[in-house]
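Here come two complexes built around chain A, the first alongside chain B, the second alongside chain C.
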Partner chain A sequence: MTYILKPKLHHPSLPTNALGLTRRDYEGKVSTLCAGCGHDSISSAIISASFELALQPHRLAKMSGIGCSSKTPDYFLGQGHGFNSVHGRMPSVLTGANLANRDLIYLGVSGDGDSASIGLGQFAHSIRRGVNMTYIVENNGVYGLTKGQFSATSDKGSKSKKGVVNSESGIDLVALALQLGATYVARSFSGDKEQLVPLIKGALSHHGPAFIDVISPCVAFNNHAGSTKSFDYVREHNEAVNRLDVILGRAPITATYAPGEVREVTQHDGSVLRLRKLHADYDPTDRIAAANYLQEHHAKGEVVTGLLYLDPDATDLHDRLGTTATPLNALGTDQLTPGSAALAKINAGLR
Partner chain B sequence: MGPGQGICWTIRIENALLWGAPLKATDISNPDYFHKVVDCQWACPAHTPVPEYIRLIAERRYTDAYMINWQSNVFPGILGRTCDRPCEPACRRGRVEDEPVAICRLKRVAADNKTDISARLPKVAPRNGRKVACVGAGPASLTVARDLAPLGYEIHIYDGDKKAGGMIRSQIPRFRLPESVIDEEVGYITGLGPIMHLQQPIDSLKSLLAEGYDAIFVGTGAPRGRDLDLPGRKEAAANIHIGIDWLANVSFEHVKKIGRRVIVLGGGNTAMDCCRTSRRLGGDDVKVIVRSGFEEMKASPWEKEDAMGEDIPILNYLVPKEFTHREGKLTGVSFEKVKAEYDAKGRRKLVPTGEPDQHFECDDVLVAVGQENAFPWIERDIGMEFDKWNMPVVDEVTLQCSIPNVFFGGDAAFGPKNIIWAVAHGHAAAVSIDKHLNGEDVAERPAPNVTIVSQKMGIHEWSYDNDVANDQRYKVAHREKSVALKDVNAEVELGFDQTIGFKEAQRCLNCDVQTVFNAATCIECDACVDICPMDCITFTMNGDEADLRTRLKAPATNATQDIYIGDGLETGRIMAKDEDVCLHCGLCAERCPTGAWDMQKYLIDMTYAGHACRQTA
Partner chain C sequence: MPADSVTTSLAPAPVAATNDFVVKFANVNGSGSASANGLFAKAIIRMGVPVAPRNIFPSNIQGLPTWYEVRVSENGHLGRRGGVDLAVALNPQTWDDDVQEIVAGGYLFYDSTKPLPSTKFRDDVHVIGVPLTSICNNAYSVPRERQLFKNIAYVGALSHLIGIDPDVVETLLAEEFASKAKLIGANIKAFHLGRDWARDHLKPIGLQLRSSNAVGDRIFVEGNNAAALGAVYGGATVCAWYPITPSTSLAEAFAAHCANLRTDPDGTKRYAIVQAEDEIASIGVVVGAGWNGARAFTCTSGPGISLMNEFIGLSYFAEIPAVIFDVQRGGPSTGMPTRTQQSDLLLAAYASHGDTKHVLLLPADPGECFEMGAQAFDLADRLQTTVFVMLDLDIGMQEWLVAPFKWDDSKVLDRGKVMTAEDLEAGKPFGRYTDVDGDGITYRTYPGTHPTRGAFFTRGTSRNRMAGYSEKGVDYQDNMERLLAKFHTAAKFVPPAILRLAPQPTRIGAIYFGSTTPAMHEALEDLERKGHHIDALRVRGFPFGDEVYDFITTHDEICVVEQNRDAQLRTLLMVEGSINPARLTSILHYDGTPITARFLSDAIGRRLDARRAMRQIAE
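What follows is the complex of A and B.
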């Protein structure tokens, strides 16, 4: 952490977005995490993505649980809304908030401990229900906040800082998310913002449950030889299947690509996701193929990254439940509590 | 899968094909590299360690701050009021917000608040048997004396004037520089025991050489004011004055008043001093009239501002044509109106507008259109080489002329400049004289003395104040105008008090506390990149400089500022840091998990005459 505040001064050529805000306007408080923590890089990527999308900061709801990762919403978008829930309960708080006010953009930030251990059930149900959200797991393979115990995503055979070998199988949250029906699934690395920022932009503009597993080295407890979540290991084993560009309505398409090299997908909100293929045979719209691909490459010790699965026609919980389009806080008392006559009518309908 | 196939490695291979000659890692052992980062110090002709003394002011250690200045610029109290301050336009603060640090006025804070320094003045060594003559007692000669007298040289200073100080005393008006300050700071030098030959102008270099001096330093300034040979000049001579002569007469109290209506011709600092002095000697309708445009005037912006603040209009694009007169008395000046036109190469020409000439009535005219060197007292048959402008040929670094034991400095060397250049020349000439008289090659110049100290005291603690103040530049208070204009000796600027001095000092970014990078320990975690408030740091593939400058996190468009390159990183990328707008806040070093960044103070001190400047030291 740092004792002085980050100076207000910024680069004289710092650009502004459509709202007239600079990237610096999307910052939050100064981080209190260990110097060099991968989570800080993810915060920085969220800041860049929000700036580039010209998000109105007050339209973002940042939800989290407990852990170093779950502390980070304090360090970006200081003008957004936030809710720091108890350990592992972020998904249900997020779901509730979303049901009450669908006008906000929901960003859940969690850790591998928060989501794969105590919160595994919450994680699973929020995804299978199809909550419209961006769910980021800052995955360091350990419980960072409680000083580095193996987490459930730690790979079998990887070594702790003290040299103990993990004998339990690791949970692959990407595989789970695919199986549970997430409609936007990605994996990335905190040390590769060129890949990560567009993936976050794509997720934030996606309508439906978007899940991103971001490998995020813990410099204090899990960045040694023998770890599979260290900077060196991820850099050496990173196998990116594609590169994503998110194109907002206004931006003209300038680059030229060889035929077959690029695939464009238009999402609900009109944003275009342009995928540059790095692996010719990878099809990100085929869920079963994606799951197989992941399994095969994981078995080879590779870390597959990129936009792994996308359903551009996704729907969400509200669509399925047919809820009112108006946020509950904008409805009048007569609509929220229609009175005993309305209740009697409902009861009559159930007789 | 091994290295060579991951994403970063792929980029490396592509890159090798795409980009030109890659940059080499920065050689930070070259003292110039970090010296340049200290923009103010680099821009100062005498290379005053500015941030070092500014920090001392913030600590209220005024005497220590004064002595750092005294060592490098010799006249801190004088310069703190009058310096041309080339450091300020260079100051990094001026690139990250509107205005630079008020470096010059902080120097005055040190001078105003110091305690007795006599115990800190150098001890004079026993005489070493060498004699050096200095011609002229201006700042250049006085600096030579200051540097050489303590080493045991017998210094003889000659000047035609009654008191030492040169133009500092004869030209700069007292309302900008009180005489007591001149007496004090000249006194520190005369106190070192040079033998003063005042009121003794030298009229022959040949005879001076014959007197057996081991070396001679010529610091006679640029004493001749240019005249304007226009119709009416002779007839109206009684009321047309050469600016610098007139100012000297005011300083020496030979002139005590001027007519009510005054026209000052010329747009340099001398013109500004002439018009402001006129306002104090009875001129209530004083104008400055210049040939060129207002923006192109040579006077410093703050001098123009001060003049206009004293109700002196500046009229531009008027070329003087004639002095009008009646019955042998000046009545005014007429001017041709011109405008600026630019040719294809962008060169400016002044062309007549065709409008009728403009006439301004006045009682006196002050001509301040430039100064020249003049060496009527140097014989042309003594072996000194002169150039096509009839000026002695002088080496810009060593200040030696073609007679090996004769050196020039100050305005006498390369034409009129300013005090701080005179001081810088004085130091350099003193080094040359010392080396020459010790049988060394004067062309071998001593490297500066560099002290490197890490500022780290704890994880978040540094031995300098790394928190960046958000204050805008403070203004110096002025004496009330009605009072100031009544007395030519009343100093206008009142200086910063200690409280404002502290606040202004806090605006300094400590550019001498350098960001030092060690690639061997960097794990490329991006923490420094993420925290840097100015987007200075980028990890990227190497390339040629022009290309690299466009690929940084923030484009590096200021080509005068270096890109610091660190190489040997695991991924094959380089660390590229644009020095341009770095705040030296140390956040990169605080956020680095491995200490790959450190904040280290590079105190760069010039090497002066004496043992340190000699190879045989």
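What follows is the complex of A and C.
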């Protein structure tokens, strides 16, 4: 970690976004994680994505559980409220927050211990419930804060820093998210910002449960030979199926691509997701085919990354519940309390 | 033993009473008896006579014993009395126990289609046999009809025996089946089938009903239903829950009330209900919604509270409003899921690890469930912490006669100390955990309020007054002391205890709460008649106010009455008020059935008699 406080002054030549804010306006406190931690790269990608999308920093709620990854919401978007809740229970807290105010953007940041071990149930149910959120798992296959135990996403056969070989099967959160009904599913690598930033932008502009599994090597406890979550291993085995560009409604499309290489998908909010195909046989709108593809390539030891599944017509929990457009936390006494006349009728029905 | 007549030869004089007796039905669950028994109770209420029915049911859907005990009381004693004057024994599985419970001179009503050996009866009880099965088998050919209409037929027979007005029953049946008109006639026919048989073969018994005005304008409602309505009036918008007896009907009632009261004509809902995957997720949703400024609750029972402990600690420490309705049942573990107890007091008061204390509201009946159900949300926002509303199965799942619900239309929901965008824009200083008013309660902001001011990071780890992470002992202790100060402030907000003075000055006191109340009041009257003058204090909230400690100080001997084994209220009084344990005598009833007036009168009476005897020896 670093002990140098960030200067508050911004250089006048820093580029600004549509809100007139600079990238610095999207930063948070100085990280207390280890130097070189993959999680810090993800925080940086979240900052870039929010800046590029010109989100209002205070309209983004940052939710997390417990663990190294869950500490990171303090390190980005300092003007947004953050909630570092209970181990493995971020999804339920996020769900409640979302129900209270549907107008904010909800970013859940979690780790593999937080989401695949203690919180597997809540991970699953928040996704099947269709909560409108971006759910990022910063996946390093190891318990960092407690110094190096295997986590539930650690691959069978992967070796710990102490040389112990993991004998238990790893949980594939992407496979689960697909089955459970996530409507935006991606996997990326903390060491590939070019891929990660657009994936986060796409997720933040998605209306529905968006899940991103980001392999994020732990430099302290899981970055050695024999680990399947080390920088070297992921670089060598990374098989990106596509490259994503997120284009906001107003932005002109400038780049040119060869025909058949590019697929555009327009989301509910008007944002356009432009996918450059890297694997000709991969269709990210076919959930079953995507699941099969992932299984086959996982068996070969490949780490498949990219935008793996997208349902552009996704709905969310509020759509399903039929809640009012006004945030529930903004309803006043007159809209909530039915009054004495209604009560008199109820009394009459109870005699 | 004879079957089709009332025998009196060997029995003592039959019990004679008008508008004051206890009828207990013994049935097999899943047989359709519940609606017939409900009809019986409701008919008596419609005759203007107060009734307190209690459904005593198994954790089962079909085939196990179930009872329905109806206390009829012109004087309005709505607790359980103890003892049974008329047993309607229709379950062979429980016959022996059911017969045993009848008071000497009481009545045993049974289905006499098949003869029973004389050893199955008691000499001191008047037996009334009605061949219900045979009557219904003759009248109906469909097996299901034979079973269902047998229930209505016994209500018909009873109506003749104890004087239920048949017009009242017909009106009730017409109301109940308003949407299925065919069933009205069929049920009325079955009612008269039983009634006519009884009229032709039997004389009315000594227990009689007479129309009265004693019910007045009271309503008849379950506590869970009332609490759910309270949540609607209290402005709750988010409900997350997991099914568990005996709290399930609270969430279901909230859904029904919201569908009726909070849904726009186009179907848009001003509420959100999530049936969560477990109790942990339920309270997680509540904490998330509370953090984000919505009024949120969950409803559960003891096992759910056990699971929610970690989140309750977070709510306490990070200061997030939450409301939990705990409909208590018999514990520990799965315990007695369909029986009543007041055994979660300590669990709720000190839930979660570390030093914690929580606010409890203790309603005594559905009327208070409504009031406190609404008030809990104001208190949770005002105090920014978890507020428990402690019902029990006896209040939550039984129908009680209570005064009609009231609401003051001028009331505005109290959202507590919340900094608005205008406050922040005007430059009001904001420190999330800074106590500017000296009451331990600090200001908060809702997420998303202002672009550059008022954001803070919420965490369950220790922090300084500005919400910054801090592991400094001085910051931690400063915060913990403020939380304690806030808890003391809470004592001023919870409903005060209610004092019921004896007709003459006395140094004897009794403290009680919750569903014990009506039985306690009846017992106090009985004890007064026996010369025991007792001042009684009904506790309604925790932390206790000064009036509770003053009461203890001004009395020499205090009986603390509760429905648990370990005297949990007494423990709270001792711990929080540093009360000498020797001054608090426990009167405990915890077999899972609601406490009775006769039990209380006996237990307290014996204690006070012993005290008198000791004094005489001393003198």
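Simple rule for what comes next: the second predicted complex is superposed on the first by the 331 of 351 C-alpha atoms of A that agree within 3 Å, B and C clash if a C-alpha of one lies under 4 Å from a C-alpha of the other, contacts with A are read in each partner's own complex, and residues count from 1 in each chain.
Quick note on the criterion: a residue touches a chain if its C-beta (ideal position, glycine included) is under 8 Å from a C-beta of that chain, and two chains touch if they have at least 3 such contacts.
The model shown is predicted, which means the values in this text are computed figures rather than measured ones.
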| item | value |
| --- | --- |
| Touched partner set for A:36, first chain B, second chain C, both or neither | first |
| Per-residue touch tally on chain A - higher for chain B or for chain C | C |
| Which of chain B and chain C A:267 touches, first, second, both or neither | neither |
| Contacts of A:154 with chain B and chain C, given as first, second, both or neither | neither |
| Which superposed partner A:73 touches (first chain B, second chain C, both, neither) | second |
| Partner chain in contact with A:323 - chain B first, chain C second, else both or neither | second |
| Contacts of A:84 with chain B and chain C, given as first, second, both or neither | second |
| Chain B versus chain C as contact partner of A:14, first or second or both or neither | first |
| On chain A, positions contacted by chain B and by chain C | none |
| Complex interface listing, chain A residues touching chain B | 1-14, 24, 34-38, 40-41, 43-44, 190-193, 195, 217, 219, 223, 231-232, 235-240, 300-302, 305 |
| Interface residues, chain B side, partner chain A - complex | 1-3, 5-8, 95-97, 460-461, 466-468, 470, 523-527, 529-531, 533-535, 554-555, 557, 570-571, 581, 583, 585, 587, 590-594 |
| Residue numbers on chain C that touch chain A, as the complex places them | 217-221, 229, 232-235, 237-238, 240, 261-262, 264, 267-274, 276-278, 280-296, 310-311, 314, 404-409, 411-413, 445-452, 455-461, 469 |
| Sites on chain A touched by chain C in the complex | 56-59, 61, 63, 73-74, 78-86, 89, 91-101, 103-104, 121-122, 124-125, 129, 317-318, 321-325, 328-329, 331-333, 335-340, 342-344, 346-347, 350-351 |
